[in-house]
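What follows is a structure written as structure tokens; I'll ask about it next.
Read from first to last, the chains carry the letters A, B and C; within each, the first residue is number 1.
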Amino acid sequence: MKTYRKELWFDIPSRIGFVNITSRVEECLRESGVREGLALANAMHITASVFINDDERGLHRDLEVWLEKLAPHDPVSQYRHNDGEENADAHLKRSVMGREVVVAITGGRLDFGPWEQIFYGEFDGGRKKRVLVKIIGE
Amino acid sequence: MKTYRKELWFDIPSRIGFVNITSRVEECLRESGVREGLALANAMHITASVFINDDERGLHRDLEVWLEKLAPHDPVSQYRHNDGEENADAHLKRSVMGREVVVAITGGRLDFGPWEQIFYGEFDGGRKKRVLVKIIGE
Amino acid sequence: MKTYRKELWFDIPSRIGFVNITSRVEECLRESGVREGLALANAMHITASVFINDDERGLHRDLEVWLEKLAPHDPVSQYRHNDGEENADAHLKRSVMGREVVVAITGGRLDFGPWEQIFYGEFDGGRKKRVLVKIIGE
């Protein structure tokens, strides 16, 4: 069994942002040499997500508006976690969008449907954060 | 290490629908010959989900009503993604329900609790879509 | 390939509760002898979750309040599943928080960011339930 590990770094200036990381995960896969197996990509921080959806700007704006409605940032005083912090909403938004994706590897490629793209989702930006890519297989 | 791959096809006539795919994933597992490992089942489309919950008709109706409340289809004009499309809400509903499940394989069986069943969740039906089943192990 | 399986048992007296199970999963990892691979931890019950977030009491209270707002328990008559049951909301809350986590194993350790902790999330307490830990790797 082969295994591979890499950290991808992000520093999103805005509070919320989405970055397509598909090509970076594909690069990891090439470096791993794995042809058949599973790739895990997860946020290493609890106010961020890795998720799979469409790379369409309008949809990303819809996601941002929708998440703000489900788990509003303001007023920050509504959350007990915000005692010295102001990011409780980011923990909730990440709970909706999920921490991780697991992707099948077939024939040395990410085994995706036609529109699947992997995103890093930031919900409390302004500092450096990481995504872990772990690949196992043969 | 053994690996196995299969696509399951669906064509749900209604906009929203849930299909129990447990027996089809079990059939994949038998075909794979894997006794110990992991099975991944994921929607290959970004307006659909694979999730695990109860096979109970009332609950499925509750899920549908609840998802419509969290991410309404109408009015379609509320979403920026709906520029020529009308399925932004399906992308959001799928974000709540998730893309994939990872299931333990033990002794050649899906290692489930008493009520766990795997479902395909459709949120923008009326066309053919796929679920990917990938199994790795020994 | 090595594989390992263990069930962790819980009996949460309140309807909703969160239990940090990180050290118990770490103990499983030590017992497994796996140095490189993947660990799956999933609720075996469909009204409970396994998720990763911060071990902070204020945040857990925020999560509980927020989930109650997204998927209220009362009135129980609003749900069709509640025909003899009263836990439809628990199925919905678990859908938001997710069933499972997959964690990378590197150098014999859970490969975590600085604040990542694994939680059992109970949404319909008052009876015994299980989490499955499955580890594969070398």
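By definition in this document, a residue touches a chain if its C-beta (ideal position, glycine included) is under 8 Å from a C-beta of that chain, and two chains touch if they have at least 3 such contacts.
Not measured: the values here are computed from a predicted model.
Number of steps on the shortest path from subunit A to subunit C, with steps defined by chain touch: 1.
Overlaying subunit B onto subunit C using CA atoms gives a rotation of 120 degrees, to the nearest 5.
Centroid to centroid, with C-alpha atoms defining each point, subunit A and subunit B lie 20 Å apart. Residue positions 1, 38, 70, 96, 98, 102, 136 of subunit A each touch two or more of the other chains.
Residues of subunit C that touch subunit B in their complex: 1, 3, 5, 38, 40, 42-46, 70-71, 79-83, 88, 91-92, 94-96, 98-100, 102, 130, 132, 134, 136.
Subunit C makes touch with subunit A in their complex at residues 1, 36-38, 51-54, 56-59, 61-63, 66, 70, 96-98, 101-104, 106, 111-116, 136-138.
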